[in-house]
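Here come two complexes built around subunit A, the first alongside subunit B, the second alongside subunit C.
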Partner chain A sequence: MHFNFITIIARQEWASIFRSKIPLSLFTVLLFVSLLATFTGWQYVSKFNHQQKTAHHQVHDQWMNQPDRHPHRVAHYGYMVFREKSPLSFFDFGLDSYVGNAVFLEAHRQNTVNMSEAGFSNGMLRFGELSMAMVLQLLVPLFIIFIGFQTVAGLKQNGVLKIMLCQRASFLDILIGKTAGITGVVWILFLPLLLLCLIAGNLLIAGGINADALLRIMLLTILYALYFLIITMLVVTVSAMSKSSKNALMALVLIWMLFFIVIPKSAQTLGSSLHTAPDKIAFEQAIEADVSKQGDSHDPDDPHFLQLKAATLKKYGVDSIAALPVNYGALVMQEGETISSGIFNKHFDNLIGIYKSQNAVSSIHGFVDPYLAIRNLSMNLSGTDFDSFTAFQKQTEKYRFEKTKKLNEIHLTQIKYQNDSKQKVSAENWQKQPDFTFRPVPVSENLSAAGLSLAALLLWVAAGIGALTYVSSKRAYQL
Partner chain B sequence: MNIHLKVLLLEIRNFLLGNTVLTGAISLLLIGLYSFYHGHHVISRQQQTIASVPAVQKNHLQQIVEHGTGKAAGTTAYYPFFYTTNPASPWAEFSVGQRDVNPFTLKVKMLAIEGQLYDSELTNPLTLLVGNLDASFVFVFLFPLLIIAFTYNALSEEQENGVWKMVRTTAKSIHAAIAGKLLVRLITILGIALLVFAAAVAALRLPVSLPTFKLLSAVMFYVLFWFMVAMMVIALGKSSAFNATALVCIWIFLAILFPGAANILVNNSIPVPEAAETAIRQREGYHAKWDEPIKPTMEKFYAVYPQYRKYPVPDDKYSPGWYYAMQFSGDLESAHSSEKLFDKLMQRQRLSERIGGFNPVIAAQQSLNKIANTDLTSHIRYLQSVKAHHRQIREYFYPFIFEDTPTESIDWAGYPAYEPVRYTDEPVRSGLLAILCWTAGSLVIALILFKRNFIQIKDIQNA
Partner chain C sequence: MLEAKNLTKRYGSHTALNSLNLKIQPGEIFALLGQNGAGKTTTINLFLGFTEPTEGTASINGISVAEHPQEIKKYLAYIPETVMLYPNLTGLENLEYFSSLAGFDYSKKELGELLATAGLQSQAFGQRLAGYSKGMRQKVGIAIAVAKKAKVLLLDEPTSGLDPKASNEFSRTIRSLAENGTAILMATHDIFRAKEVANRIGIMKEGNMQSVIDASSISANELESLYLKTV
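Let's look at the complex of A and B:
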């Protein structure tokens, strides 16, 4: 390897890209689309979060201003939680539009998170959403293809390659130089733009940047830099293997279609046929069956609850429910809640497990399609991925359970068993309860969840270098 | 032999025996077959679930009655769910549309309805995001790419390798040479489209009826549109690389960027805060009644159902009549925002259709979804039928609740059966017309360009 040759070739490539008109006009279009996507993304996210905050405040005010009520009434009155978008979601919408935005938390029931944007869309959404991540993931590779397809093939056609090879430059030097030149151009055009948009958007949405956000932004920038490098190596490799620039272009456009349309769709549909997930009715039926097996609080002869009764009576040393110092009704209710919540969580974890194995099929395909790898990583770091949504579901269920449990405790201790439904307790009791705050998934967990994709992306870098070396060693490609 | 015919035959041989046609046609057919499998898989799983509903419903009601024996109807009525289903039309397998996003079964209790309408189906969100590889995707997204692959070098390749000059000197009419080349390609493309469509009809067992023909005409018009676009670009007389680049850029613009921007436009110009508002209002509307005097709540109920006035409702303690009247007033108080929500969703639909007029890709997808009854409008029809069913159920059980009938003396399965929404034959004229207009416009431009760049050109110098 001759570093001076590589530098000369890289400089030459850099200069020739900036000299011609087409790359710059394409860049102008992409720049415009990126800025538009960032602007509308920021606007949409801040408007959406504002709407969700308003709804949240309204529900919280209503909760605090309840009159004195029976605690079980309050448990049924329940609470509503509105999901807000993560600060980086303006950059990569990820799954955000396809997951629910509001959940009603009440006693006895685990409701689904409802009202996704996709549910209120008439299908325009399904063409794909315009976000900066989409531009970087789909369109920048196309830009690289258009500026790079003739980089080596063109030299072959006009005979310059042979002249260069005669001047002590090895084919590998030329390929590395070309890769360096094109990557340099792509990095200088897109990475500062990416960094700027991420920081600006984050500042505008979150009002400041904390260490966590900064780390995510840095990681995103590095990963996208690697992704552009991978695509460039691919383009240079294909260009070096092709006899003419036209062939190179055709092959690259074909690869683009495979990588961005065919493989992602087939991988996900394959995943869902390999791992069949239950539908809602089957899911609910299974839970119901398990609950009645373990103990049905509505059934007076249920063995589990008969045992609970005997144990409670023994514990307090009395012989009738009416003589208990606590409200036995509340005790039964909490026992029912504990049983059903435990069973629900078990089934829910199982369901999430199935979804995860479906998604793993896509992640594994990241090894044959670098787009899948960066798509997953980008979603994860932007907090719009599967795990972030699952975390929301789990945290709301935990909050629901604890809220209900506290209300049952109030019921247990402050409401007498006799004439139960006629009594009320002071509203102070539930005004003290903490409000729900979503704890985002930490970066470390995000990264480990996307471990497969990260490995795929790094392997792609290695494979790219390997491919360049291999191609450069073949005489057939030098002619 | 006529020289025209000879040139044409030669072109047919050249084109059809080339690698492009065979590879293109075979890969499209393979993806097509996969797409039929996928569409069938998604929809038949939904249909299986739907088929399981009657048994689930029967068991459920039986259990409820067993538990409720000895109690009054008003106590038992709190528990049962009543299932509704939205069966797929026979064409849904061709175009899955929004059926994977929206729930296709909903169960409702006799309680306030608004909180129960927006329950979502359990689905993997990543699967939703990636979308369906169904037959409509093959036609709307992939077919244009096949057309691009078949046409981008139709004329430029011969210019590039020098054959064109010979064609020009030997062919009597340059018109005929160009027309022949394009005709061969057009017929091949239409033939493949017909073949894939016929395969879809056979594989998905689409009934041979009007909607199938509507699907066919939408697909054919759409294919014609892309052929005209390709003609327009090659008529510019530029190089193969330019043609390919330009056509791929047009495809990306029409199929990705334009719809992406349009989606933002629709969401921004018609936001739906009513969704959350309806849920909040209904919850508050119902729960506040517990702390209010009983009489006004009952009056609201009597205003709609005066026939129940004759039953005594105590005004100082709980009674089932009052309970269901409270639930009902929750719905009354959220009715306004609920109506507004449905109205807004229809506005979204109309705006999107208007935007579709500017983009044949959107118009085609919307038309296919409409024919298959898998679009938002179809889902709204379903939601409205669920609302209507909820009313039927309430009205069936109200007399038992007010009369305090014991649980066991009621026929719990005797409520009016749920009638699923029938197939709605919605007009797709405007969508198809939009595609045709764009097709005709592209054709005219292509002809003008051909005339300028290929016919009138004189070889002044050796270009």
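Let's look at the complex of A and C:
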């Protein structure tokens, strides 16, 4: 391998792409689409987060302005929590449009997260939204195919490759030089654009860039750079293996269809058929069945609660509930809450496990489809992945449990058992309770969750280099 | 300088070249005549190292092409039937690019001199190749070969499709390269051009070298008759 020849070939490839009007026209279209996607993404996320903030303030004000009340009424009054979109969600919508962003929290019930965009949209959302990530993942590969399909096949067809090979540069020098030239063009056209959009979008949405955001932006830029390199190596390899430009283009379009339509859809279908998830009704019925089995607080003859009653009476050395120094009703409610929350968490973890297994099928397919690898990584780093959603769901359940527990404690200690429902406590009791704040998944956890996809992407880089080396060693591909 | 020993190439049951024995000395022009599929291009591809022999060896300057495909590139240059090169580059830029791939760093003046040596008009130097005639492109091809200072020149149908004037100019340039010591192997359909430019002529049929003739010992008409009788 001669670095000097590689540089000469790369420079020539670069120059010949920029001399032609078609690549620049294509880039202009993609630039317009990228900027449009960034602008609409930023507008949408800003508006959405503003709405979430407004709704949150409204709900919080209503909560704080409750009059002095019975704590159990307060527990049933409920509280709504919201998840603002991550600052980088404007770039990659990921699963955000399909999962909810708000949940109503109340005593005894674990409500599911609601209000997804998909639920409020017409069928158009099924065809995908325009995001900058979509442009980079799907359309930039097409751009690379169009500027690169004839890079070697064209030279072969018109006999220039033979003349080049008769100079001192080897076939490997030519293939690497071509790859470097095309990759250079793609990087110079799209990476500054990506970086600029990520920084500007983050600044506009979050009002600044912290270390976490900066790390995510840098990683996204590096990973997309690798993705473009992989696609370029693939294009150059196919072009080098093809007898003519037409054959190369046909093969590459077929690969594009496989990578971007067939494999992702098949992986999804395979994942859900290998790991079947229960529907919402089945999920809730299973929880109810387990709760009834372990202890139903509403059933006076439930053995678990009869045992609780006996143990409580023994603990306080009294022979009736009325003689207890604490409110037994509140104790029963808290025990019921602990049981139902524990069972919900167990079932929810199982459900998440099933979804994760489904996602793992898709991640494993990243080893045969680099698009799946970058799609997962991009979602993870943009905070629009499945883990970000489940983190919200788990945090809300924890918050609900703690909030209800505190209200039950007030009930237990400040409300007497006799004439329970007629009593009230000061509003200060719940006004002191902390508000819910969603803690996004840290970047390190995001990366470790996307470990398979990261490994797949790096393996694709190695495979690309291997493919170029293999093709260059075969004389049949030189003619 | 350029030698084939029992050189054979088979594709499955088809023998494209059968046991070719040939030696071309520095300063000599050897023309290969034959119909399509006679084995002319296969012979050139074997010397270029684009295909491996089934049997025998092709060597340049005593170095086996199959064993050292990269090493032999130092010694050879190649001009195909149609020199396409890069249509968006000028003649000068094409020459600069290809000679840099051969490891030469010529000045603009030197590149111009090389193009002039190949017979290209100076007004064409700065024009894009897309506007060149076939003859002009062949001249750039010659300039690339000359720039490489190659000891061996392989030509595959170099005058095919050229007008008589361009063909004649091409022949003169090739002869002058041979006079400077270059060994030249030329595959062609053009009997009269072969007679005019070559020292020796080989007539091939179905992968076999049927006869090798001293070009000075035969007239063009006799060569044509022999050729028609052979193929």
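Keep this in mind: the second predicted complex is superposed on the first by the 479 of 479 C-alpha atoms of A that agree within 3 Å, B and C clash if a C-alpha of one lies under 4 Å from a C-alpha of the other, contacts with A are read in each partner's own complex, and residues count from 1 in each chain.
Rule of thumb we're sticking to: a contact is a pair of C-beta atoms (placed from the backbone, for glycine too) under 8 Å apart; a residue touches a chain by one contact, two chains touch by 3 or more.
Since we're looking at a predicted model, the values are computed, not measured.
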{"item": "Simultaneous placement of subunit C and subunit B on subunit A, clash or fit", "value": "fit"}
{"item": "Which of subunit B and subunit C A:F389 touches, first, second, both or neither", "value": "first"}
{"item": "Vertex subunit A, arms to subunit B and subunit C (CA centres, degrees, nearest 10)", "value": "90"}
{"item": "Which superposed partner A:Q167 touches (first subunit B, second subunit C, both, neither)", "value": "second"}
{"item": "Touched partner set for A:Q268, first subunit B, second subunit C, both or neither", "value": "first"}
{"item": "Subunit B versus subunit C as contact partner of A:I8, first or second or both or neither", "value": "second"}
{"item": "Subunit B or subunit C, by number of subunit A residues touched", "value": "B"}
{"item": "Touched partner set for A:Q137, first subunit B, second subunit C, both or neither", "value": "neither"}
{"item": "Partner chain(s) touched by A:N429 [first = subunit B, second = subunit C, both, neither]", "value": "neither"}
{"item": "CA minimum distance (subunit B, subunit C), superposed complexes, angstrom", "value": "14"}
{"item": "Subunit C-facing residues of subunit A, complex", "value": "4-5, 8-9, 12, 16, 19-20, 158-160, 162-170, 475, 478-479"}
{"item": "In the complex with subunit B, residue positions of subunit A that touch it", "value": "33, 36-37, 40, 43-44, 47, 51-52, 54-55, 58-59, 62, 67, 69, 73, 76-78, 80, 82, 94-95, 97-102, 104, 111-130, 134, 138-139, 142, 146, 149, 245-246, 249-250, 253, 257, 261-262, 264-266, 268-269, 271-273, 277-283, 285, 298-299, 351, 355, 358-359, 362, 386, 389, 421"}
{"item": "Contact footprint of subunit A on subunit C as seen in their complex", "value": "45, 48-52, 69-70, 73-74, 76-86, 88-89, 97-103, 141, 144, 148"}
{"item": "Of all residues in subunit B, those that touch subunit A in their complex", "value": "31, 34, 38, 41, 45-46, 49, 52-53, 56, 67, 83, 97-98, 101-103, 105, 115, 118-133, 137, 141-142, 145, 153, 160, 240-241, 244-245, 248, 252, 255-257, 259-264, 266-268, 271-273, 275-277, 279-280, 283-284, 287, 290-291, 318, 345, 348-349, 352, 355, 361-362, 365-366, 369, 375-377"}
